[in-house]
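Two complexes come next, and they have one chain in common, subunit A, joined by subunit B in the first and subunit C in the second.
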Partner chain A sequence: MSAPAASIKGRAFGDHLLLALVLLLSIVMIAPVLWVIGLSLKDNAELMADPNSVFHAPYTLKNYINTVGTSSVFIWVRNSIIVSGGLTLGTLILSSLAGYGFARLNFPGRDVLFVIVLFGLAVPEQAVLVARHQIFSMLKFHNTFQGLILPGLSAPFGVFLMTQYFKAIPKELDEAAMLDNASRLRIFWKVLLPLTLPAQATLGIFTFLGAWNDYFWPLISATRKDMFTLTVGMASTQTNFAQSEGIGFLMAQAVFAGAPILIVYLFFQKYIVTAVSGAAVR
Partner chain B sequence: MVDRLAMSPTATLAVGARTPTADIYAPQWRNFIFVAPFLFFFTTLLLFPLLWGMWLSFHKADTFSSGNFVGFGNYVRLYHDKVFLQSIWNTFYFVLLTVPTLALIGLFLALCLNRRTRTAAVLRTLFFSSSVLSVTIVTLIWRIVFIPNVGLLSTIYGWFGATAPAFISDPNLAMVGIAIATIWWCIGLPMMLFLSALQQIPQDIYEAAALDNANRWQTLRSITLPSIKRTFILVIIIQIVLQFQLFGQAWLMTRGGPNNLTKPIVLYIYDTAFRRWDLGLGAAASEILFILILIAAMAQYLVTRSRGDQA
Partner chain C sequence: MKLKKMLFAAVSAGAMMLANPSFAATELSVQRFFGACDADFGTNTDPTKAVGECGIITSLINKFNADNPDVHVNVTTVEWPGYDQLTAQFASGDAPDIVTIHESVLSDYQSKGLLMPLDDLLKSVGVTPDAFTDAARNGATKDSKIYGLPIDSWTMLYHVNMDLFKQAGLVSADGTPIFPKSPEELLAQAEQFKQKTGKPYFVQNLTNETALYTRNLYTYLFQQDSDFFADPKHVKLNTPEAKKVVEMYKAIFEKGYTTKDLDYGGSINAFLAGEGGVHLNGTWVVGDYNAQSETKGTALNKGGYAVYPYPQLFGGTHAQYADGHTWAVSQKDRTPEQIAAIGKFLKFFADNDFEWSRTGHLPAYKAVITSDAFKALPHRNTISAVADLGKPLPSAVQRQFAIQDIIGEEMSAAISGQKDVDTALADMESRVNELLANI
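Right after this comes the complex of A and B.
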């Protein structure tokens, strides 16, 4: 009788140890964010005198008022919405059309083309950046919205995802319509597209999030302050912590930029996790 | 509608003699229209720049002209460039710091949080939440943790009358600081990949093990870990590919310093091509990076392919 009792006791101890470790890791996850929120609510002079003043009143919304009132943050948010929205819309249209084409229709050279598209998945952004930047210089696309949106439309992931999804839909669904000589576009639009809504949501959220958080291409393409996206704009203000606005202001800006995306994440969690994991495994 | 669906296989068979199905799936040029829009962007903005970049890497080029052919000149310059060699070493060092840690913490979290309780669900949400933030916000958060005086770390050390390690300015610690911020940022993906692998292990194996009185450690070692071995390799490769492309964290936290000790390959490319406008040299450096990543991507392809064969 004593052996099982001992093992249950051992199990309880192990459980507590694991729980403690997970809790410790959770604190590491949360503490930096709470610290940032705390700093954003403090007056800069008070903060400089004693960082421990974060833990007690007075708190102030002054930094947020300054963020909203004086910085270019709204222009950057607008730019980010235009770029991410445009890229998402374009990606959904191109990927759905191409996914249907590759999965359901036949045309000369289809399989070879699909393999080339798959190869594109292995090409890292950095391998094409230098040439892309030069091409866009010649086309005078830098500091324009098309300059920020177009490169994302060449990414093959969406086509890959939609092709897989169209292939998984039973062929009987559209075969009858094809035999009836309905036009391919009509079948695509009326029969198949409505069935791909879950994949559209996944791809759409993934594309939007990726574009919203993208840093490298906007950094080299948008060099004018009024064309910055939110990521680039915020990075441009944080280069020097010792500037006049102070740390509280920078922290307020970070909260202002980070909160909406975290709220969106809480609502669309399921799709976001599916999309990100799916994109990683391919 | 239901009748028609149920009938359709038979119907296809019945008219098989006239092979209409063969007709609708026969190659037709007009079907190309559906893939043409994507292929246009794919060709002009991905394939062509890829080849153009290779071509540039053999030239001394600036922003508007492709300049003179220099053969392998740029590659020779890279080979003799101490900063470039340092950046390759830095990148490998960073990958070594982050990838195993990410895989192990991710696996640990997945094993602990693979339950149907509310707490586990909340914690899974928490550990993935940092992944949706942009690199700008992540680096801002971690600079404010590491910064002297008002930093979280120095405040905590201050309570004990100690001085916090200088994770950004100390040459020995700067890369570790970047790695810590990166692990905090990226831990969600490995955890989720391990969780979905764990959920695919058939439950009856565990029931059989429980009947055999296997303890938790034995179950973990002889059932759980072997079942997710392939996922473990996959997570390692995915993270190698991702972390090899380190740029934003290094650029925003340390600017590559002190003494180029935290300058990764991508930052070298950025510096060379877009700040010194030596596009040819930058292109050559990106070809080196491309080859390194391609090797990892091939490994990933082989791993996923062999899993497909087994299924």
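Right after this comes the complex of A and C.
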């Protein structure tokens, strides 16, 4: 056998191995999702008696009907969209402006301020929870959208990410724009911001996912049923022994709560992959 | 002419609004766990047609709203147990009027003056504490006052697979299961069971679990008359009595007399699949297990299902740990109409305790527990003794849910061999006392 032929054969074998590995990993990743969907289509009592009943008929949509039949569920979806969307938009605006400022502007105390922002990364939410709750009580912010959105706008990671991204863009671009008499705001808006789209996408996606899945702050701030987010609302509908007596319902809730994220993924797949791979490279 | 018409329209609209009874209804905010089941019972006002905790409580509140047009109850359901939310609501001055609280948790809020004593209000609507069962009255009383309307008592029980018990030769001539009377007898019967059936005596959820361990310990400390909370701010758990209990469960674990590596859901599936003789679980599964035993082809249908309180294994008072659910009322300024509406709501639940007892929980009222209707419910004849045997921790002990987690973690470590028993008991005691010292 000639050397090139062996090389091709070797490469083909390697490709096949890689493909098999990817397929195996895909199955590992998709299996829990299929398991959840399967459980969601089974009657609770049947699952309680025999968890293996998921592998055979009868199947039912009753759990989904019960999920959607909960009177406030669409209000909770709306609340989650408002909170996640508002938080994402606010974080992108603030982080971009702050990142630009730290990367491009010289002002007294800039470095100290940046270090203070970075310290924010080391402060866990639990450490400020009581104080924040008290302040929001005084301001009457509980059970309001601002009460759910404002805490997340303090995003040191976002500021750090955008600062680093702006720093990586050559300053010559700013200087060229300045020679054309562009203002700072115009340079930021027209020249630099479009170049940071991958970072914006990364930050936006992670912020949106974090806000959508957030549970603890909404749990203690939104205590009125009409202000629940989807996570808190869904949890409130579970019975005490949902993990044994209501497993089908629980799984239908998981599918229902995860569906919007899946839809977002389907529409923004290209940007998300770019963002995540960009974040990984970075 | 036009002005006349407008005036007439305005007066008519006003009259219609006043004529609508809901316009003048007193609003009450009620917060509860037990889940939501609007799709099945959202409009049902007949509690007799409802099943399960969620179905029955939803239907009861619907009926209350239907029967009392002068009061309107707005319900918020929260994820069990809902105390993070409730604490936050109290902190922000936005607590609900009426809220479900476990008897074991009442003192956390009562000690801070957040709950309203209910003695006078209950008396005004004709509900007196002497109507409560001993377990319910003890659980709802803090500092000699009633701080929650008890609606049930619940406890852990011996759920028995009678087919496997027969195979093991642990059924007496009258058809009742034979239970041990001492730790030694328990281990001997468990060995006999394992030999005859090839299966473990116990089905237990020992994974992701703290409550089961702790409730078992409390029960067998009570049965040794151990006054481990003589001082409600200082626990004594590094004692010979506690050591006996932990060593007994350690032996059960090591000799394979129990299932291992099962979480709560898994333990239910295992018991229903006939994987063990006795499932240690609460009052709330009696209905489900009974239904299984009536379904042909199931493991429980084979030889039957029985359920009993924990057997007396030690020489002290016959007792077992029990807790209960209550309706508590937040402390705040209210109009006489609001207080009267709350009284109506509590009275309604006191009057309808039988419906709630169909969940499997034991009634909180003597009249219900001794009624023919209650006795006619499946297995209530064997478990109703819990109303007398049931014993909570002393009412002044705070942070009982947090204490439960600490004790459960340390017991789990001792039983599974991660720590030796003495170290686990010492750690258990010091951790609980540290918690209580910082309240």
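The definition used in the following text is that the second predicted complex is superposed on the first by the 202 of 282 C-alpha atoms of A that agree within 3 Å, B and C clash if a C-alpha of one lies under 4 Å from a C-alpha of the other, contacts with A are read in each partner's own complex, and residues count from 1 in each chain.
Assume a contact is a pair of C-beta atoms (placed from the backbone, for glycine too) under 8 Å apart; a residue touches a chain by one contact, two chains touch by 3 or more.
Owing to the predicted nature of the structure, the values given are computational and were not obtained by experimental measurement.
Once the two structures are superposed, subunit B and subunit C can be ranked by residues of subunit A touched, with B on top. In the superposition on chain A, A:G246 makes contact with subunit C only, while subunit B stays out of contact range.
When the two structures are aligned on the shared chain, A:G69 is found in touch with subunit C, with no touch to subunit B.
When the shared chain is aligned, no partner comes close enough to touch A:F145: not subunit B, not subunit C.
When the two structures are aligned on the shared chain, A:L179 is found in touch with subunit B, with no touch to subunit C.
When the two structures are aligned on the shared chain, A:P108 is found in touch with subunit B, with no touch to subunit C.
Shared interface residues of subunit A, touching subunit B in one complex and subunit C in the other, are 48, 51, 133-134, 137, 216, 220, 232, 235, 238, 241, 247. The residues of subunit B lying in touch with subunit A in their complex are 4-5, 8-9, 12, 20-21, 24-35, 37-39, 41-42, 44-50, 52-53, 56, 61, 63-64, 105, 108-109, 112-113, 123, 125-137, 139-145, 147, 149-152, 154-155, 158, 184, 188-189, 192-193, 196, 215-216, 234, 238, 241, 245, 247-248, 252, 266, 269-270, 273-274, 279, 282-283, 286-287, 289-290, 293-294, 297-298, 301, 304. Partner subunit B is touched in their complex by these residues of subunit A: 7, 11, 14, 18, 21-22, 25-26, 28-33, 35-36, 39, 47-48, 51-52, 54, 93-95, 97-98, 100-102, 105-108, 110, 113, 116-117, 120-135, 137-138, 150-151, 153-156, 159, 172-173, 175-176, 178-179, 184, 188, 209, 212-213, 215-216, 220, 230-232, 234-235, 238, 241, 247, 250-251, 254, 257-258, 261-262, 264-266, 269, 272-273, 276-277, 280-282. Those residues of subunit C that touch subunit A in the complex are listed here as 33-40, 42, 52-54, 76-80, 84-85, 87-89, 91-94, 263-265, 268-269, 272-273, 284-285, 288, 291-292, 295, 298. Residue ranges of subunit A in contact with subunit C, taken from their complex: 45, 48-51, 65-66, 68-71, 133-134, 136-137, 142-143, 216, 219-221, 223-225, 232, 235-247.
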